[in-house]
Amino acid sequence: MPARWAEMRLEGSGLTCVRGGREVFAGLGFSVAGGEALLVTGRNGAGKSSLLRMIAGLVRIAGGQFAVTGVDAEKTIPEQAHYLGHLDALKPSLTVAENLGFWARYLGGGAPPQTALATVGLAALADLPAAYLSAGQRRRLSIARLLAVQRPIWLLDEPTSALDREAQDALAGLMRQHLSGGGLIVAAAHGPIGLERAKELRVGADA
Amino acid sequence: MPARWAEMRLEGSGLTCVRGGREVFAGLGFSVAGGEALLVTGRNGAGKSSLLRMIAGLVRIAGGQFAVTGVDAEKTIPEQAHYLGHLDALKPSLTVAENLGFWARYLGGGAPPQTALATVGLAALADLPAAYLSAGQRRRLSIARLLAVQRPIWLLDEPTSALDREAQDALAGLMRQHLSGGGLIVAAAHGPIGLERAKELRVGADA
Amino acid sequence: MALIDLANPTRFLSLARPTLPWLAGLTAAVFAVGLVLTHGAPDDYQQGATVKIMFIHVPSAWLGMFGWTLMSAAALGTLVWRHPLADVAAKAAAPIGAAFTFLCLVTGSLWGRPMWGTYWVWDARLTSVLLLFLMYLGVIALWRTVEDPSRAARAAAILTLVGAINLPIIKWSVDWWNTLHQPASVVKLGGPAIHPTILLPLMVMALAFTLLFLTLHLAAMRNEILRRRVRTLMLMQAQAAPGSGS
Amino acid sequence: MSPLLNPLLALFLRDVRLAIRVGGGGGIGVLFFLIVTVLMPFAIGPDLALLGRIGPAILWLGALLASLLTLDRLFAADHEDGSLDLISMSETPLELAIATKAAAHWLTTGLPLVIATPFLGLFMNLDGTASAAVALTLLAGTPALTFVGLIGAALSVALRRGGLLLAVLVLPLTVPVLIFGVAASNAAIVGPVPFGTPFTILCALTLVSLVVGIFAAAAALRQGME
Amino acid sequence: MSPLLNPLLALFLRDVRLAIRVGGGGGIGVLFFLIVTVLMPFAIGPDLALLGRIGPAILWLGALLASLLTLDRLFAADHEDGSLDLISMSETPLELAIATKAAAHWLTTGLPLVIATPFLGLFMNLDGTASAAVALTLLAGTPALTFVGLIGAALSVALRRGGLLLAVLVLPLTVPVLIFGVAASNAAIVGPVPFGTPFTILCALTLVSLVVGIFAAAAALRQGME
């Protein structure tokens, strides 16, 4: 993993989120360094997903700001981040390999897609149309994207959902590897996701 | 609650389910009597939702059969059953009361909608368009449908999802009341849903 | 909803409340003067009394076009400054502009019946007004189909600005189109320069119509702000109610 | 109220209410009709005599497209939010529910088209009689378009594909309605055939498509349910 | 390959592949064009002289509707499955991505319309020159339809509403293209204006709509992202 990530730090301060005209949270702040993971928790509707999408530049920042240091200064935060949300960004009529290959090329791929597919255990299904995948397999294909394109920041929204036990363990291994390479992770989850020493950020004052 | 439900019994035998050309399960059988609850469990993709939708007549029965005894012999099983699935059957531009009122009239309502709304704690929101409801409130409105129209069989697919603690307890109370009135419940769930003495049906051979 | 969002509209409301009756009164007064002057204007030696349609027709044509200009200015306010009042101004202007455009079309075709013997010809000017009207309807449909006002506002703003670019192109292409197929078969008034006995009442009526537009617009803006407040209250009620997950 | 009528009335009122509130229903259909009709002269040219001659045809085509293109969400919306599941679990026969939804759709989309026709007739240089004749044939014929379109709407639920596919499937089926609709209008305007003959056939077509449309749509929905 | 071209090429190939595999793209558009054009003679009647006269207009109208009505899923599909999120998180400017998608759409929908035109010209009683003229104007004009339609497609993502609303918003904007497209065809067929004049204007309109369409669509997508 590139050494330039080692000094990375992602910070947010005074963040306010407004969705559909309603204020979801206000005055939120956090700070994560390279090699660290931040676990975003909170009740349903607290704004966990919204926070992740704000970092990814997909939800307007109603107040506050983000800052990132120690990485390629010419790129914005979204351009350096992977976002793994509830949607898979898969086209059912393309095969598994075509789907991954497209994203690898579009986002400026690193590792060859085959390796990434093998890592998530989909190598045998490479030529199957994505329409035939089960929910868990679709999720694995999304995770393969994190490997096929190297980006320092991983934004994971309930990454373990739809995964079975074995796949959850494999994902935990991948996340640990990313952290040890100097990357950072911001993950939203309702329960433990297999990272022991993660900082926790609670969204939503009460409960 | 009508006494005619007391002798009710719902049975399935040799059930086979085929979806998208693949056999999901085969040779499944179960039997539930009035006053009893059946908890359907199994891993993801095992076919829990499919079984419930088969009972509701929404998925074709590829093999085996259902039989119901002790209720109105002129009506089919779907006509005697409530199905609470992942979709809410709500129209966002109609108000809460209009939505419930429509289903009560269409399905042949029993209790006045107002009472049902009060029971699930939505009385104050009766005139709000359903678009403004949160996921939990939408779910409560679906549950109100179970009360507004009296049907002996309740088919519940992960009924506690999106509900907070308090609402889960209230739902458990309603289910117990339905059982003590002689009704029966078939529920799919990944965890406990607050019914102590429910029979369990495991779908999917392994895991 | 954040309080900041309401701050500006609140000040607007407190300004609008006292202004509205005065503006309405002024409109009525100018209208009265205009009607008297119109009554005194001479009938045309060719057209008879039908020439008086002009005193409604021409101002409403101007205001129909003014409406889109106003919406375009508001659209810039929405997109560039994200000003909440700009959304409201644009939304309130659309039906009023459409109404004046419609009035122009109706009076024009009523006038066309005696003048040209038919209610409608595919003349360049008429056709571009018709398209302006259709574009108004499109924007109104857009506002109506979208639940979330701020989302609708930005979409409508982009459509309005694109329309503002397109309207001159439409006007010019329709000119070209019509002259190609039917050169000069359409009778047009105009002819001699307008006489002052007609010009003065016309100007007064134009002023009256402009005041009417402004009054209606102010009232519509006020209504829209109040409607949004009701919506915000409903949302807050939903958030505070049991089972909202909060 | 009878136990069968009450649910159907509820469904009818709900669908009408939805069409009015959302604004996406009837209003958009009429607007599309208006715009398509107005576009024709731009393409054909501002020749009033020619426009008058093909005016009925243009109005019919516009109404045809507006009817069919507004239909694609008729069942798809109910399918996506789960309403269709519950509707099929009631005692009310599916055929009656479909007929009720079709009636609500026609009232909110077809009827406004009929009402808008005389105004559009002005643009097409049609005189009073001609406009009235076109409006009358549309009044008799738009229900046929709705009922034939039902089949496409139901198929698009079964196929999980909407939009143009529906139009492509259904347009060929509407050719007879179109032919006799325009023929009846022209008969009223220029002759030489008496108005009655094609108009009677048009009404007969509407009745046939009522029966065929409702049963075919019900069959398609049942098949699509899986 | 250059780091900017490679992603765009990937996007282009993906969109073309999707259009071909799903079959919902280009094929349906051409079919709709075909059906609408063939419906006209049914509505107007089999008067060959009349058909020949308004043939170019009908072909243009059919192409206009087919282009716009196939556009409504252009961004909506990418929005619904989350692809648009990832596309906007890449280093490739959104404007370029939009232009690439538009090019793929035109290649799979616009170009087939142009190719189908000479065949449809036969139905419309157009001779060789006339068919060629219409095809040429469509070749120059359909990109303009795609680019203007982009605005509607992007708005329909922002509005979460597709179908007819898009057509209603966009159709008035396409009037100039329609006028000059038909005018150029007619100029080539009957004169008296030289073909060059309206054709040049048509090409200019295409260029203007390219710029306006792409930037307005990008703005609409950015605004709609919330």
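Note that the chains take the letters A, B, C, D and E in the order they are written out, and that residue 1 is the start of every chain.
The working rule: a residue touches a chain if its C-beta (ideal position, glycine included) is under 8 Å from a C-beta of that chain, and two chains touch if they have at least 3 such contacts.
From a predicted model like this one, the values you see are computed outputs, not experimental measurements.
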Can you name the chains that touch chain C as well as chain D? B, E
Going chain by chain, each one touching the next, work out the least steps from chain A to chain C. 1
Quick one: name the chains whose C-beta contact count is the highest of any pair. D-E
State, to the nearest whole Å, the distance from the C-alpha centre of chain D to the C-alpha centre of chain E. 26
Whole-angstrom distance, CA centroid of chain C to CA centroid of chain E, is 31
Please work out the Cα centroid separation of chain A and chain D, and write it as a whole number of Å. 48
Inter-centroid spacing, chain B versus chain A (mean Cα positions, whole Å): 36
Per-residue overlap in chain A, given as positions that touch at least 2 other chains: 43-45
Residues of chain D touching 2+ other chains? 22, 24, 28, 31, 35, 42, 45
Indicate the residues of chain C shared as contacts by at least two other chains. 131, 134, 137-138, 141, 145, 177, 235, 239, 244-246
Parts of chain E lying in touch with chain D, wherever the complex brings them together: 24, 28-29, 31-32, 35-36, 39-40, 42-45, 50, 53-54, 57-58, 60-61, 64-66, 69-70, 72-73, 161-165, 167-168, 171-172, 175, 178-179, 182, 186
With touch defined as at the start, can you tell me which chain D residues reach chain C in the complex? 22-24, 27-28, 31, 34-35, 38, 41-42, 45-48, 51, 122-123, 125
Looking at the complex, which residues from chain B come into contact with chain D? 19, 56-60, 75, 78-79, 81, 83, 85-91, 93-94, 98, 101-103, 105-108
In the complex with chain C, residue positions of chain B that touch it: 92-93, 120-122, 124-125, 128-129, 131-137, 139-140, 162-164, 166-167
Give every residue of chain D touching chain B within the complex, in rising order. 3, 6-7, 9-11, 14, 17-18, 21-22, 80-83, 85-92, 225-226
